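Quick heads-up: structures coming right below.
Both of the next two complexes hold chain A, though its partner changes from chain B to chain C.
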Partner chain A sequence: MTASDPISRIGRFFAWSAAVLVLGPLPVLLAVSTSPNWQRGPWVGGFTLRWLIEAWERIAPIVSFSVQLALIVLLIDFLIGLPASWVLARRNFRGRQLLLSLTILPVAVPGIAVGLGLILAYPTLKAGGWLLIVGHILYTLPFVIGSLTPTLADAKLREQETAAETLGANSLQRLLFVTLPQLRRTLTAAAVMVFTLSMGEFNVSFFLFTPNQKPLPVELYSGYITGRLEVAAAATVWFLLLVIPAAVLIERLGGSRLRGQA
Partner chain B sequence: MRRWANFSLILPLLILLAAFLLTPMAVLWVRSVNIDGQITLNIYVESLTNPRYLTAFANTALLAVASTALALLVCTPTALYIERGRRESWLAVALTIPLSLPGIVIGFFVILVFGRTGVVPQLFESLTGQRQLSFAYTFWGLLLGYFYFQIPRVVLVLRGAAAGISNDVLDAARTLGASSWRLYTHVILPTLRPALLNAASLSLATAFGAFGTAATLSRGFRVVPLEIAAAFTENFEPERASALSLLLAFVTTLSLVGVGRLGGQRIPQDSQT
Partner chain C sequence: MTRASLGLEEVTFAYHQQLVVQNITLDVEPGELVVIVGPSGCGKSTLLRLVAGLLMPQQGRVLIDGSDTRHVPPHMRRVGWVPQSYALFDHLNVAENILFGLRMQKASKSKRAARLQEMLELCRISELAHRSISSLSGGQRQRVAVARALAVDPQLLLLDEPLAALDPQLRQAIRSDLEELLRSSGVTTLFVTHDQSEALALADRVAVLRAGQLEQFDTPEQLWDAPASRFVAEFVSGAAVVQAQRLDAQQVEIIPGLVTLLPGDTASVTLALRPVDLEVAAHGAELPVVSCEYSGGIYAITCRLPDGKALRLYHHARAVIGEKVPVALKPGRKVVTLPV
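Right, the complex of A and B next:
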């Protein structure tokens, strides 16, 4: 198709409109968070870093909690997901399809319903943040298994493993020197994905957080509802600085088939 | 022996799913049918006839259908353009950004642009002297927020299919004198049909379950996830919250499985939200 044909022109119009809609709020966010008083207009009275500093001081401990939560979730996801994906990719057994459907179910069921079920089933686990960890694992594990299983099932990888085996490599050597290096890209994409999803998770966390175990999005939300607009915007800027580079990295790694809830 | 080795490798996953997915879902069911020691479906009947909850279901459905229609309308030409043009890959990256934004942040974006002190109403006021277009907290604000998070989901599902439309077919049709409109209705849309249905089902399910965007933007326009939160935290009616959760989970699963089926093919695993 040439640039001048109507289908391309319509496409260009809609694509640009969508991009403006998606990216448009970002400059507004920056303007609000650096204006002394947004109600009086952007940068009336100068440019200020006051809100960004104030917001960072407020959210710093919460960011650190969210990062720790995401790393614990990531670790357990891989401990459960790697062996499970290997079996799902390499073995055919009764109930395999059912297990696959069950694995992706937590992403189909609304997060708020998953959170409610967890809090009603295990009210005593809420203290200490255990339910938060469980909820985030349920919600992120499908993406780990969903991206590892096809890679592990790949015929070329299996050929290489067989070749290594005929050359005398034992199963540990095959795992360390053939399988894992081939999985590096998929593992990186899945790890970044789990990290971003966990950092941004709100729906499941809504019923599960405690005053001492508060994930970042819950804090952002209370800022949106009750806080000063400039501080809420500044906190959001910090959040996006954590999340958007990861999003671009995922797209570059080709992991964009994976997606989360709104 | 080998069988046991395999079993032990998936055992942690099985334990996780049984303890923290199936048990909580069963608990939701038990809490919703066991009212004061009596087994009854009353809470379901009551919730589906009570005007408050009926309105919430109607509102949610309206938002889901309207935002899905809007997303399909805008994202179909967009996906074609990105996939077939093979240029401006930053456009593709930009359009995936909403995937990593939580619903609450998307709601806040709508407030920043169309809220009471939003940039558009302020601009409008400085041009005309009247502050208008501050619709963030109405149906239109929610619709915009929902549309925002559906853009990347629909674009990604459609891009794969758009890559499969052959240039030769389009050129042949055009040589035979087909207008762009006819190309869309007779070549492009029929080819994309399965992908369009998958995209629609994903988009509907996401909209039905969306909580963060609605929580940030809703002032009076109630959707089901908000009523679940209110039933549990404000009215302390766990049985009502459980029943509404199961009804909502049923609707989202139905739209994922049901709408995809219309296309006559299974939904690929990764089109689930």
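Right, the complex of A and C next:
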């Protein structure tokens, strides 16, 4: 297909439109957070870093909590997700398809419903912050299982493991020297995905947070409701600075994997 | 290099109640190169997996150097297995692939270095040692896979269609290289292929499999000259199997117009007409041509026999499809008779 054919031209137009639509809010957020008073217009009265500094002071402790939460969720996701994916990929048992569908279900259910369900089912766990962790795991675990299962089921990987076995590798050696190195890219992509999803998760968090354990997106929401628009925008800028590198990393890992398969 | 014998004793394996390998018995001598040949789905690769311990026979025994392997897991068998895909570890370079088995055995650094050098030289891939797997050609990958399997000094080497993934133009040259490498290593080898010409060219002995059963286990010459069954004759030499009728104590009529000397007293006899035994000659039986393919200096002609079967032969000139050609036995050729 040449660059000048009509289908390419239309495709390029929509691709750029989508990019503009997604990126559109970013310059506005930057303008709001660096203007002394957005109601009077952008940069009327000069350029200021005051809101960005104020926002950082306000969200710094919450960022730390959100990062800790995301890392705990990541660890538990991998502890559950690796063996679960292995069984789903390598064992044929009654109910396998049902189990596969169930692992995807939390993604399809609205976060509010998941949050509400957890509160109703385990009311005593909310105070300790455990429900928040469980809610994030329910939301992110399907992405771990969804990416690891097809990789573990891959015939090429299984044949490499068999070759390693005939070369004298026991099951632990096969896991350490063949399976995990071959999964490295998928594991990294899944880790970045879980981290960014947990950092940005709002719906489940909104129902399950406690005043001492407030994730960043909930704090951003509070900022918009109760505080100055400029501070809320500045806090959002900081949030994006945290998650955009992770999103770029996901794209790079995914992209190079696709190129490797071509 | 270790040279071990291999014995299969009435080995049977079923998958989902379907018999894949049935009652196979064969003995492979130390250092022998045995080719297992048969059409797709005949159980060749399954047989290799049974020898490697990747599958367990439901009946029968696999003996390596006389010892029953029933309780020996694959990683303890010292059996090198090279699948069709080669299964190279693409997160490691060539040298790291070759040393993988020795690393698992926790061999000393000096032993690993010496063995790497030995394998690189044996397989003539010294210049590839530090290359990534993705940068190698098909033939180079095959050599690395064989080097990796041989590096652990296996008792047996199992090669599952090692030439199938290569370009047809390269296959002939790489086959010769591979044979030279296997002969110089001296390892007892089972080599699986679906290509009968590959089997005849490489093997000390050939095991012909059909639907999980061993049809014949013999030298290439014996397979060619004394096929044990109709299937072996058709599969190995591309023969047309016909029922000839006895004319008298000395002669049989193969088809109307084609008579040969074959003393005996049975009323009919089963014959295998191999392409190399036939020629286009004026005194032959007139048969219609159904196809004519040029294969470099010679034409492969397929004719239709009166019973509808195809008969192949070679001729120096092109034949016209639809017209008849006179087909005769080459002078002095003895026709191959098949057991009843």
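Remarks
By our rule, the second predicted complex is superposed on the first by the 254 of 262 C-alpha atoms of A that agree within 3 Å, B and C clash if a C-alpha of one lies under 4 Å from a C-alpha of the other, contacts with A are read in each partner's own complex, and residues count from 1 in each chain.
Simple rule for what comes next: a contact is a pair of C-beta atoms (placed from the backbone, for glycine too) under 8 Å apart; a residue touches a chain by one contact, two chains touch by 3 or more.
What you see is a predicted model, and the numbers here were worked out from it, not measured in a lab.
Annotation for the three-chain superposition on chain A: chain B and chain C fit side by side. By the touch criterion stated above, A:L118 is placed in contact with chain B alone, chain C being left untouched. In the overlay built on the shared chain, the residue A:S17 is in contact with chain B alone; chain C does not reach it. Chain A has more of its residues touched by B than by the other of chain B and chain C. By the touch criterion defined above, A:P181 lies against chain C but remains apart from chain B after alignment on the C-alpha atoms of chain A. By the touch criterion stated above, A:Q97 is placed in contact with neither chain B nor chain C. By the touch criterion defined above, A:S64 reaches neither chain B nor chain C.
In the superposition on chain A, A:T210 makes contact with neither chain B nor chain C. Of the two partner chains, chain B is the only one touched by A:V243; chain C is not. When the two complexes are laid on top of each other via chain A, the two nearest Cα atoms from chain B and chain C are 15 angstrom apart.
In the superposition on chain A, no residue of chain A contacts both chain B and chain C. Those residues of chain B lying in contact with chain A across their complex are 6, 9-10, 12-14, 16-17, 20-25, 27-28, 31, 74-75, 77-78, 80-82, 84-85, 91-109, 111-113, 117, 119, 122, 146, 148-149, 151-153, 155-156, 167, 170, 174, 180, 183-184, 188, 205-213, 215-216, 225, 228-229, 232-233, 238, 241-242, 245-246, 248-249, 252-253, 256, 269-270, 272-273. Contact residues on chain A toward chain C in their complex (touch as defined above): 156, 159-160, 162-170, 173, 177-178, 181-182, 184. Interface of chain C with chain A (complex): residues 52, 54, 74-83, 85, 87-89, 91, 100-101, 103-105, 148-149, 152. Taken together, the chain A residues at the contact with chain B in this complex read 1, 5-8, 10-19, 21-25, 28-29, 31-32, 38-39, 41-42, 79-81, 83-84, 86-88, 91, 93, 99-100, 102-114, 116-118, 120-122, 134, 137-138, 141-142, 145-146, 196-197, 200-203, 206-207, 217, 220-221, 224-225, 229, 232-233, 236, 239-240, 243-244, 246-248, 250-252, 256-262.
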